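Each of the next two complexes has chain A plus one other chain: chain B in the first, chain C in the second.
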Partner chain A sequence: MALRHHHFLPEGVVFRANAPGSPVRSIGGPMKRLFSSIRDGNGFDIVLVAFPLGFLFLMAGLPLLYNILMSFQEVDMFSLGTFLRPFVGFKNYQELFAQPETWPILGNTAIFVIGSIAGQFLIGFGLALFFWVNFPGASWLRGLFLVSWVMPGLVVGAIWNWILSGDFGVLNFMLKETGIISGNIFWRSDPNYSLYAVIIANVWLGTAFNMILLSVGLASIPGDLYEAAELDGANAWQRFWTITLPMMRSTIGAIVSLGLIFTLQQFDLFAAITSGGPNNSSNVTQYWAWDLSFRQYDFAKGATISVIMIVFVMFASVVYVRSTRHEVRG
Partner chain B sequence: MSDTNRNRLMLVIALVMAAIYLFPLYWMFITALKSGSEMFATPPSFWPSEPQWGTYAFVWESRGMGRYLWNSLIIAFGSVTLITVLGVGCAYVLARYRNVWVDIGLFLILMLQVLPASLMITPIFVGFSQLGMLNYPRLAVIIAIAAKSMPFFVVLVRATFMAVPQELEEAALVDGNSRVGAFFNIVLPLARNGILVSAILIFMQAFGEFVYSKSIIQAVELQPASVGLNSFMGPNTNEWNNIMAYATIYVTPILAIFVLLQRRIVSGLTSGAIK
Partner chain C sequence: MTKQIELSGVNKYYGAFHALKNIELSIEKGRFVALVGPSGCGKSTLLRSLAGLESISTGDLKIAGELMNNVPPRKRDIAMVFQSYALYPHMTVEQNLTYSLRIRGVPKAQARKAAEEVAATTGLSQLLGRYPRELSGGQRQRVAMSRAIIRDPKAFLFDEPLSNLDAALRVHMRKEIRTLHDRLGATSVYVTHDQIEAMTMADHVVVMKDGVIEQQGAPLELYDRPANRFVAGFIGSPAMNFVPAMVGEDGRSLAVDVGEKQTIVLDRQLQPGRKVTAGLRPEHLHFVEPGQGVFRLPVGIVESTGSATYITTSTAAEVTIVETSRRPVRTGDIIDVSIRPADVHVFDDQTGLRI
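So, the complex of A and B:
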């Protein structure tokens, strides 16, 4: 890989000098040289990279900075149109943490993240281990699970909203038939259950993605390790703990941090199932930030909570980047 | 137990698990076919006694689904086009070189990939309203989606370009191709499949996008199907058969694409996210 870049640094000149019919490069003014570099030199790479990075900087980088700026400003409907709003220091942050709902919502976010990741990962790992035993049709069936992940989040939310319905929901019916519960659970309107209603839907949505990535990790473990362990008399349980888990460490790290990233991005299910209610019992920061800005028109608060959460997400992504480092580095 | 019997047993267990996992989808299809009274029957029926096929036409008409889906298509095609035009070149350069600048660029791109849309919408909305972009709401949504999804696309397509042998491009250069020529005639055609699969993944995402559309597009006649579904589901709705019919119409094209291209989509996805 390190050699790659060498081949191209002399930049065509070496190749071209011997190539018949190629344009002579050194003649011409600066403009001409610029164009020829874009057509046939490093300029080509720079053009290819400059536009997308510029676009990303304008449309993702600047909003990020603007978000931080707004969290230190007083923003209302009248000052929306100007950049020069009154600067208020940390007032938004102080007010935010003085609000009674802030800590419960942060707590909900933690429960949502931990519950979702645990559910997705454990079920996903179980399924991945099962499908690891190769049988005809295994890979096709395994891929089929991924439909939960490609469906629009709003549709997933709508389906689960109906399944989790209190009086007529099919989940309550099944739980009653199997004797797990005796009375209907009002998943969406009971403050004790509303957050778990969204967690259930999110676990369903994310399990398949976890399973597919874990399958990739499992497939990359060399088979002779297991043969050797079997010869040494290790049973299946020991093989799992001494070979599978250690070999999967970087995959698991990547998947858990990806899970954290995706869980903190989950918005559609809240919009479709509980809208954060009742009484904020199922509200999480990423829904609350939107709710503050677009329902209560308190853009400064929305920006403030966004800044706090984005810092969090950045942490998660550093972990993710580190665990996929060998891939990133090519 | 012989191998064939073991395989059969495994297959049966796998089918049962798939059936359990995909039950919500089944429930959507079935509910859409139930009549208003059958839907609320206890115990619930797991097979519609009199399938109400008319519900689809009714929902399509009464909710104006044609317009919603058309808007979804515009937004999805617009985002995919913008992302592909910008992202392919970026992925190519990031796959071709290995130095500290590429590492920095990749790191920044991975960082951008993780920003939650619902947190980014506040500054994007305020910024767009200051720039007057809200007068072109669908274009604004397309741009916002492109900024959100392009990092993911770049990561996926970069993995594809890494698999194209460098020697082929070098040979093309020796043969007198310019860099531009080698890129378009040799490298792009070889990476075509990977780019296509990544574009389809982005398309499916953009087709179901909700946060940006909900926040930016105020006019009902410009809203996509996800926002339409959201406004269909009031807090105390009891039209679940109609809602499920809406969801079925909305999701079936995506499911069809997915089932047809499943193998490619899955392998494209895994090559990018983890290796």
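So, the complex of A and C:
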């Protein structure tokens, strides 16, 4: 709005000054017009937009393009410093999918993404509904829940390492005391559980964020809709299905696609808890890409995996943008 | 006549705040009742208590003879039209109308037929496929009413339903709601802060203030015999003039303190020397020939609407006069004004009650 104002008023002035027959026109050259445009007119808007766009292109666009380019090249330690390397077509992709660990890791990634999003969303929605009841101290307690979201992933990973520890971890203790398991589960070193150990930690990390966004969505539903539905004969369960959920559609769409983006970015927890092991049983694409590039120095394969991930993230972004655009508000 | 809604000894507290004080109200089937009063008088709280959206603290609330104190709103079989309309934004007009039927498990085809029937009577037939955001204010208002009508409820509750419409549409919808009420033979309770709405639409007007029913009765009864100063000032537009006065020694005249002391004749006997407040409706004060009036008043402001002239005097206690004759009047004129003894309202100085 402020920009509009700035744009509007002085532009009128410029227009009058440049009107045919006005003396200003004969004195000022194209340079002067350019400067006055930057000061007062369209030029100012263009400059404002150009800065963030330039920044985005330099810091995000170029690395992205370079990454795609690298996935079609042969890269080794000696050609790292050069830009134009031997072009190999889809060789990197073919080799990658010929490796025996590729499909299991892609499967792990799918389990990790679906498990994390489902856990974060369901628990987050439950908490959001719980705090929506607005008992005394609800908003204070809700704020406290954000602590988990503020914490760095590595710290969360370290804490969960203790909780998940096989011999003296508190999780095993609780499961045993409640009779759910009889022997210790070695969460981090048992290939059957290692991936779920990271999922549990990631659910804990992301639940608060889900809860806050869903709380905002809930709060934006007008209260009189519920009163009208109540008078129309709907019980609490029917009101949830016919009013709350449909009114939350755009919020839910946004949070699921954001969740997809965030879980595909989750790296710290893998580094802190399992390092992708044992034997790739908890390895996922984002961790594998780093491992290939910076521990095995196979930069081309690392880039290839990243490109595959980009496709998925782009898909999520489209869903996100669409669902926030189609907000239903009376 | 059967009693459709009965309230006896109803009180409502919000913590220490006493929102409804000992409400006694019974509404016969088929009646149109208006709850009217200034904001914060408890009229909306009373309406929401009928709907069950608020619980009452003490007293009895009966709908169609059944005690409803602890019955949840969805089991009261009452429809409400909200001030904001509260249409479901994610549903089409048809889905809005059939919501209550679908909740009750009425078959789809039957619900659809009911929606079409109601829409035909309220002029919404062409709009059944639209979403609320695609409708104008008046159309949304109609959807809100149709949503209530389709249920054939025990009573209709209206919570200031016309306050979001422009003046012309409001007058039109006033008639439409009343016509609909008569055609359906419904029982309606209508909350408004606009006394003209209450007077023109209702059979029975309930005037409230600070959680108390000040007076209830037929519209003209309230206008002709207001029970106290508050009701007298609230009903009627422009508002009644209140002037300090004292009963004369014969008990049949009032010394009225407007400008200079002037005397008006009464048609009833009052206690001589008693200090009172005289209430004079602007439309009951008439111009007369010089020397024949009971008042001689200096003219302050003259506002002409064409059909009537509003004159405000320049006396200490301002007096408003509505005159329909086109007699020319100018600021600074001295006019002679008369009033019929039967039109003089007298209120107690302390209690404000009608004498």
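Everything that follows uses one rule, which is that the second predicted complex is superposed on the first by the 301 of 330 C-alpha atoms of A that agree within 3 Å, B and C clash if a C-alpha of one lies under 4 Å from a C-alpha of the other, contacts with A are read in each partner's own complex, and residues count from 1 in each chain.
One rule holds for everything that comes next: a residue touches a chain if its C-beta (ideal position, glycine included) is under 8 Å from a C-beta of that chain, and two chains touch if they have at least 3 such contacts.
In this text the structure is predicted, and so the values were computed from the model without any measurement.
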Fit-or-clash call for chain B and chain C when the two complexes are aligned on chain A: fit
Dominant toucher of chain A (residue count), chain B or chain C: B
Chain B versus chain C as contact partner of A:Ile243, first or second or both or neither: second
Superposed model, angle subtended at chain A by chain C and chain B (C-alpha, nearest 10 degrees): 90
Touching partner for A:Gly253 - first (chain B), second (chain C), both, neither: neither
First, second, both or neither for A:Pro278, with chain B first and chain C second: neither
Touching partner for A:Ala229 - first (chain B), second (chain C), both, neither: second
First (chain B), second (chain C), both or neither touched by A:Phe168: first
Touching partner for A:Pro136 - first (chain B), second (chain C), both, neither: first
Lowest inter-chain C-alpha distance for chain C and chain B in the superposed arrangement, angstrom: 9
Shared contact residues on chain A - chain B and chain C: 328-330
Residue ranges of chain B touching chain A (in the complex, touch as defined): 6-7, 10-11, 13-15, 17-18, 21-22, 24-25, 27-28, 31, 39-40, 42-44, 86-87, 89-90, 92-99, 103, 105-127, 129-130, 143-144, 146-148, 150-151, 154, 162, 166, 170, 173-176, 178-180, 183, 201, 204, 207-211, 214-215, 225-226, 229-230, 233, 235, 240, 243-244, 247, 250-251, 254-255, 258-259, 262-263, 265-266, 269-270, 273-275
Residues on chain C engaged by chain A in the complex (per definition of touch): 51-53, 72-76, 78-80, 82, 84, 86-90, 99-100, 103-104, 132-133, 147, 151
Touching residues on chain A, where the partner in the complex is chain C: 222, 224-225, 227-235, 238, 242-243, 246-247, 249, 328-330
Residue numbers on chain A that touch chain B, as the complex places them: 1-2, 4-5, 7-8, 12, 15-16, 19-22, 39-41, 44-45, 47-49, 51-53, 55-56, 59-64, 66-67, 70, 75, 80-83, 127, 130-131, 133, 135-141, 143-148, 150-156, 158-163, 165, 167-168, 170, 173, 177, 204, 207-208, 212-213, 216-217, 251, 254-255, 258, 261, 264-265, 267-268, 271-272, 275, 286-287, 289-290, 293-294, 299, 302-303, 305-306, 309-310, 313-314, 316-317, 320-321, 324, 326-330
